[in-house]
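So, here come the structures, one by one.
In what follows, subunit A forms one complex with subunit B and a second complex with subunit C.
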Partner chain A sequence: MRPLSLKGHDRALTRVRFNREGDLLFSAAKNKAPCVWFTENGERIGTYEGHNGVVWDLDVSWDTKSMATASGDNSVRLWDTETGKCLNAVNMPTPARSVSMSCSGNLVAYTTMKMTKNLSTLCVVDIRDPEQMLLENNMPMFRAQLDHGAVASLFSHLDDKVVIGNEAGVLLQYDVRNPDMPINANEKTHKYAINDLQLSPCGAFIIAACRDKTASLLDVNSLDQLKQYRSERPVNSACVSPIRDHICLGGGEDAMQVTQTAVSAGHFEAKLYHLVFEEEFARFKGHFGPINTMAFHPSGTTLATGGEDGYVRVQEFDDDYLEFKYDF
Partner chain B sequence: MVEAEINNKENEEVEPNFDDPPGYNDPISDEELLGDVLRQEPLIDEYEENCLVVFGIPSVTKEKLAKLQTVMSKILNGINPNHVIEYPSSGDGSTKGCLFVEWENKETAQYALTVLNGYKLDKVHTFSAITIADMKNMPQPDENWEPPKPNEYANVGDLWSWMQNPRCRDQFSVQYENSAGPTVSIFWHVKGHEPEVAEDGSKPNWTESVFKWTPHGSYLATIHNRGIALWGGPKFQRYMRFEHLNVQYFDFSPCETYMVTYAPSNAKWDEDENCLQLWDVRTGEMRKGFSLYALTLRNELEGWPFFQWSHDDKFFACLKVPEKDKLEKQKKVNGIAVYDAETLQLVSNRYIVIENIRTFSWAPGGKNIIAYYSESTEQLPAEFGLISMPTGEKLRSARIYNVAEAQMFWQESGMRLAVHNLRYNKRTFKENGEVKFVGAMTSHIEIFELTGKKDVALMNLPLSEAFINFGWEPNGDKFCVLIGNQAKATPFVYRIDAMKHTPVCLGKLDAGVQLNTVSFAPQGGWLVVMACMSTGGNILFIDTNGQEAKRTSITEHPGFNKGYWDPTGRYFVSCCTVGCRVGADLGYRLYTFQGRELLRKNLERMMQFKWRPRPPVKLSEQKVKEIRKNLKTTSAKFDREDNEEKVKASQEVIDKRRKIMLAFDIIRKKNHALIEKQKDERKRLRNGVDTEADLQNEDLVEETITVALSTQKTLAVLSEEDERD
Partner chain C sequence: MATADLLSSAPEAIESWAEAVEQETRSESIKDGVKTVTDMVEEDGKVYKVVTQFKIVTKKVPRSVAERRGWLKFGVCQNDPPGPQVSTTYVAEEVEMQFVRNRAGEQILDVQEEKQQAKTTSREHCRHCKANDHWSTNCPYKEMYQVEEEVDLNAAPEKPAGPGAPGRYMAPGMRGGERPDQRRSDENTCRVTNLPQEVDEQELRELFTRMGRVQRVFIARDKQTNLPKGFAYITYDLRLDAEKAIEKLNGYKYEHMVMHVELAKPSNN
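The block that comes next holds the complex of A and B.
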């Protein structure tokens, strides 16, 4: 199948995600309305109207019934995916930067940015508790204050552990029952802002994408660095293949400098690496700006990428990909 | 004489005793008695001006003195017969190797000085002369002075050990930054593999700014605040140190016999007598210090290298000191100062005079010839010429009208010289001496041919577009000239045919891209035309071996700023070093001579990339023939070796991977076991739905959804996709 190039957002993409079955593709961008698409043909089904600012992140529950979004309009919203209706909106004093739904889909973790007196926070709310889902919510079930703003958050383990990666390159893991102290920390692996955290489909590893031009594979239980993948440019997003020992990462020359560089020098390609040997073996061209976000389709043969250029590309791998083998 | 002697005898006998009796006090002073005569008595100062000390005279025994006297008298009589010689001798009557000569006046003494100083009697004896007056002004030697002790010989091993690599591999060195700081590393280039670090060939902070290979590759030179250090041998041990505080530039003569260093003088307006220093590389001895001010009348260096060397290290040259007119205004430079490297004196004790000289350059091979370009003036056209050294004979010169600018390109063999000259239509002189050119300029290339036995032939090649760059095949008869503009350049390859008056065009390789540099492979035949320091970074590989020049490939290395052939011409490297463009990927890429990429390496803050040069090796004709004849069998052998190596290497890689995989699998199994345990918990969280069950076992209901792609916009996007894919 030819790659699909989806133009539904007029601004830079911030997040693409497949639902668990892989038939739907959700995308969020710096414009106000997240979109949902058919993976098969790239047709847009609809948009989610309600936010009044950048939508930084979205996550879909395991059963695709609800979706959570984090926005620069200082709110986190919960949506009915099928009808596009906004179920709840939780306001915060500062913009929400990332959002993650738990294994059960009942808990939503989100991070907020630091602004003036308000410190950056990591909060978890239970969507079943109407108290916590009030518009002016001051009572999340979990609230931890952070020293640095966190751009990425992720439920790493069932409904009880959340990992965040902050702008200083530190990874922290919290137990949702204890907001006072993180249970694990990794300060060594990265030195610059962590842009993205994703769980490997098997649930055993976390992959972190960092501005320091690397992505790293971390042990989900201890946050220890297991592997590191070097790229020539800042990495904005990385994901692990559900079927093979491969990872894919994307990024590129900083958006600020894009106008000064030739496309070939910008490294706007998605790069495939071997999960274990850390070697790059293939690239996908297509975007003409940095890749901001990417996701593997659950089948492992399709990849969705969202770029600074405002396009979502859905790329199906050719048959050679499945035949490609590393000798060992 | 005999008569006089007799007289003397008589006098002795006859002459009465005029001596004053003891105790007699003379009432008349000498002044009163013969004042007028005494006044004529030469002063001691005057006498010292007239008297020369000559050193370097053969030291002979008493018996041979007479012979020496005749030899010396002959020389000295040639200057002026009116002189007195004195041979100081030691106790046993043998001479001390010096003599005193007294001349009748100061002028003769000065003339004698110029003749005698540096006079070559034979191979071992060279005179040095000085007046006694000057000698008195010399500083006293230090009382505690001791003869310098010989430096201990640092045995660093075979300096050419890298040449004996069984697989004929080449080395290259890179300066970059790793965890240990700025590092210089020397690598073996292994075709198709990761480069291997040479033994002891990587040191952090090896140099304070840059490193250099000597022209034959024997030593690696590093620069430090205290001076220059040379490293060599199989383990890169320190071979020699050259102390020159705050040294900024250094440079080697082509056969790496000499080194020139430059350090700016401490105080900006002070003249430093030794700011340029000439060293002997093998002994580490400083041969001579030069004052930059004395050589150029300036205290700042205008360009480096300051001295240009002849290809055999026999001579070095720089432009003559500019003269000053009556108003202390500098005149235009009008000559070249050529020094003999052995004696450090001007060749034939004089400058080579060329009016309005702009640049000159030595032939890089063959005979010792200097090519020069002297600028046009209001009256005279520009001149290009060839001067043979050390005779100073003009071999050929050409005057060309309307030259605005020119560059000279010697062929590596020294057989041909190409001169690019930009000619104007009309020019005007402004009052402040500035020259303004009016109208379009045309580019021409003049080629001086030194191959013929008789005269030097001259060829002209007018160019249809603006000149960009030029390159000779180092030893063949081809050249490539690049013409065009900023956006689009076209390389033309020509061959010089002895039977024809103009070069024969072998091909026009229109790439339609930006290019700015021509670089022929060191062994000739293959050629690279590239665009250094450009966003596109195109590199064009050309084969000129056939009847027609052909493009073998074109590649891109965005933003690269330097390209180098390896010394054998088998590989080409393009690199991005610090300073090429902000945000570019620093590192290098290696290609075969045909442009197939072999290796791509990114290095943090890469500052330099240098292939290790090879010393010139001359194989006998017979040997070359032999190699040609056996090429088939030897190349089969090489192929076999290559294959074995490949198999071995891939086996190594596989073993290594297997180990990594095993280690990873342990962690993976552990984590998967944990996750497996929580399966029930997950099922509970998801309301009893087992989301991990195989999808195929579920009852899938196939739904057909008809989707109408109706809007024009969507269609347009899709059709655009069609085109792109």
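The block that comes next holds the complex of A and C.
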């Protein structure tokens, strides 16, 4: 395959995401402006100017009308995807670390980091309510205080359940109507920070990527661990194929240690595992730094990866992968 | 529109200003589903003609996707012309997918980590019985071999009974008697080639002992894998036996191979 290499950011990528149809690719990095691209030819359509710090996460609504971003400049912003205009900005006392849009596109969940006496929080705001979208002193419809910083958040079911993964490797599921107690928790599966949570395209599983060199497949309702995928290096991102029983893991040697290791020893490849057998069956190279984020195209034939090296690579799989089948 | 191939960029001299003005314009032509765009690009004082060919692909897409195709550029790309920009987008080098497992789920590719581990830890190898599954200290035949070594040690002190006071250093050449390695090599040795990989030292010794007393059998082995390389040296006590062995065993069928036996060439050192 000949991947498209997109250089729209001069710093490490933090998130790549396709919209629902897969014609647009959104990318966020540690520089200030997220980008939007045409998936087909890699043409950059625009950049979203307004943040004043690292953009940790972004999510796009189902209809690709609006996009939410979480930034290290202590704000969550809502954008008009077509024009690049910032619709709302919500300031917070501490940096926002992750963001997720609900199924309807009306609710936005975000987590904030722990800093001095400000605890880490998980908040949900309704973007239709102007009161909740004020710049200062906003009153979100849901606010839960967390013991550990939450690195990843995800609307796991329609508009009513949010799953977060924190720095201690604990997964918690909250009901949006009850901020006091999580309805589900999984403390056993992971021991270190959870870097990424993604919903499988069928909506039945969550895949969690963890710094403990594993990724796990979890039941969306109970958070029970169903499968575990072992890698040689910390896993930064994992996603499930929309068309086959495959998952893809991306990661690599920690960004801090990258300069001390050879490219070959860093394991910067993306790895394909069988969903059920938990076995790695293929891998491909590309980035010269760890992969920070990856996303499957809704068609299942294309995979976008974003690396610590500042590049987004859009791989369109060849027949050797598409025709690969396990005999069983 | 999906693929953009840069076909040629040949420099072309421009004769007059009038011509240059004419050529600055961008020309496009569509023929058989291929759109050809000819651009004049000025760089380093020279004018280059850049011909870009696009394949026009018609696709059916959802209405929303078609509408998004018409989005205007914004942000830092506001002033960019349509199409992918060279500064942000390029087609990277070909990447091969490496399959770690085959269809049956068997591992076909060594994962790098395992290879490195194999390199760092030295391989188990027994000095006594030359096996690779244990160290010499754990050798089940250790006692047997140790007896032999002790015999050698007992025999050793008797050897330097040449001239000169005992306990004084003597150059090897002055010690009298033949040096063991000299006696071993050269004229009494035959070189056996074309041996099968699974050659057994004991079998080989038995075979060559039929021609006379064999002093030493040496099977060359690969340093890394410890597998026989396919040749061996047989040293006899007498040159006559070596010659006999060459006569009788050259062309001998050993397992599935035809052995080749010749006199060993004297080594250089």
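We adopt the following convention: the second predicted complex is superposed on the first by the 325 of 328 C-alpha atoms of A that agree within 3 Å, B and C clash if a C-alpha of one lies under 4 Å from a C-alpha of the other, contacts with A are read in each partner's own complex, and residues count from 1 in each chain.
Keep in mind that, in the parts below, contacts are C-beta pairs under 8 Å (C-beta built on N, C-alpha and C of every residue); 3 or more make two chains touch, one makes a residue touch a chain.
Keep in mind it's a predicted model, so treat the numbers as computed, not measured.
For the composite obtained by superposing both complexes on subunit A, the positions of subunit B and subunit C are in clash. After overlaying the two complexes on the shared chain, residue contacts for A:23 are found with subunit C alone; subunit B is out of touch.
Of the two partner chains placed by the overlay, only subunit B lies in contact with A:103; subunit C stays clear of it. When the two complexes are overlaid on their common chain A, residue A:185 makes contact with neither subunit B nor subunit C. After overlaying the two complexes on the shared chain, residue contacts for A:2 are found with subunit B and with subunit C alike.
When the two complexes are overlaid on their common chain A, residue A:84 makes contact with subunit C while staying clear of subunit B.
Residue contacts after overlaying the shared chain place A:49 against subunit C, while subunit B stays out of touching range.
Judged by the number of subunit A residues each one touches, C leads among subunit B and subunit C. With both structures placed on the common chain, the touch criterion links A:321 to subunit C but leaves subunit B unconnected. Once the two complexes are overlaid on the shared chain, A:243 sits clear of subunit B and of subunit C alike. In the superposition on chain A, A:139 makes contact with neither subunit B nor subunit C. Aligning on the C-alpha atoms of chain A brings subunit B into conflict with subunit C at a single listed stretch, 524-532, out of 128-136, 524-532 or 686-694. On subunit A, the patch touched by subunit B and the patch touched by subunit C overlap at residues 2-5, 7, 38, 41, 43, 63, 232, 264-265, 277, 326-328. In the complex of the two chains, the subunit A residues touching subunit B come out as 2-5, 7, 20, 38, 41, 43, 62-63, 102-106, 158-159, 202-205, 219-221, 226-227, 232, 253, 257, 260-262, 264-265, 276-277, 326-328.
Those residues of subunit A lying in contact with subunit C across their complex are 1-8, 21, 23-24, 33, 35, 37-38, 40-49, 63-64, 82-84, 232, 264-265, 267, 269, 274, 277, 279-286, 313, 315, 317-318, 320-321, 324-328. Considering their complex, residues 1-4, 61-62, 64-65, 68-69, 71, 73-78, 80, 82-85, 87-101, 103-105, 111-113, 116 of subunit C touch subunit A.
Against subunit A, the residues of subunit B that register as touching in their complex are 535-536, 556, 558-559, 583-585, 602, 650, 653-654, 657-658, 660-661, 664, 667-668, 671-672, 674-675, 678, 681-682, 685-687, 689, 691, 707, 709, 714, 717, 721-722, 724-725.
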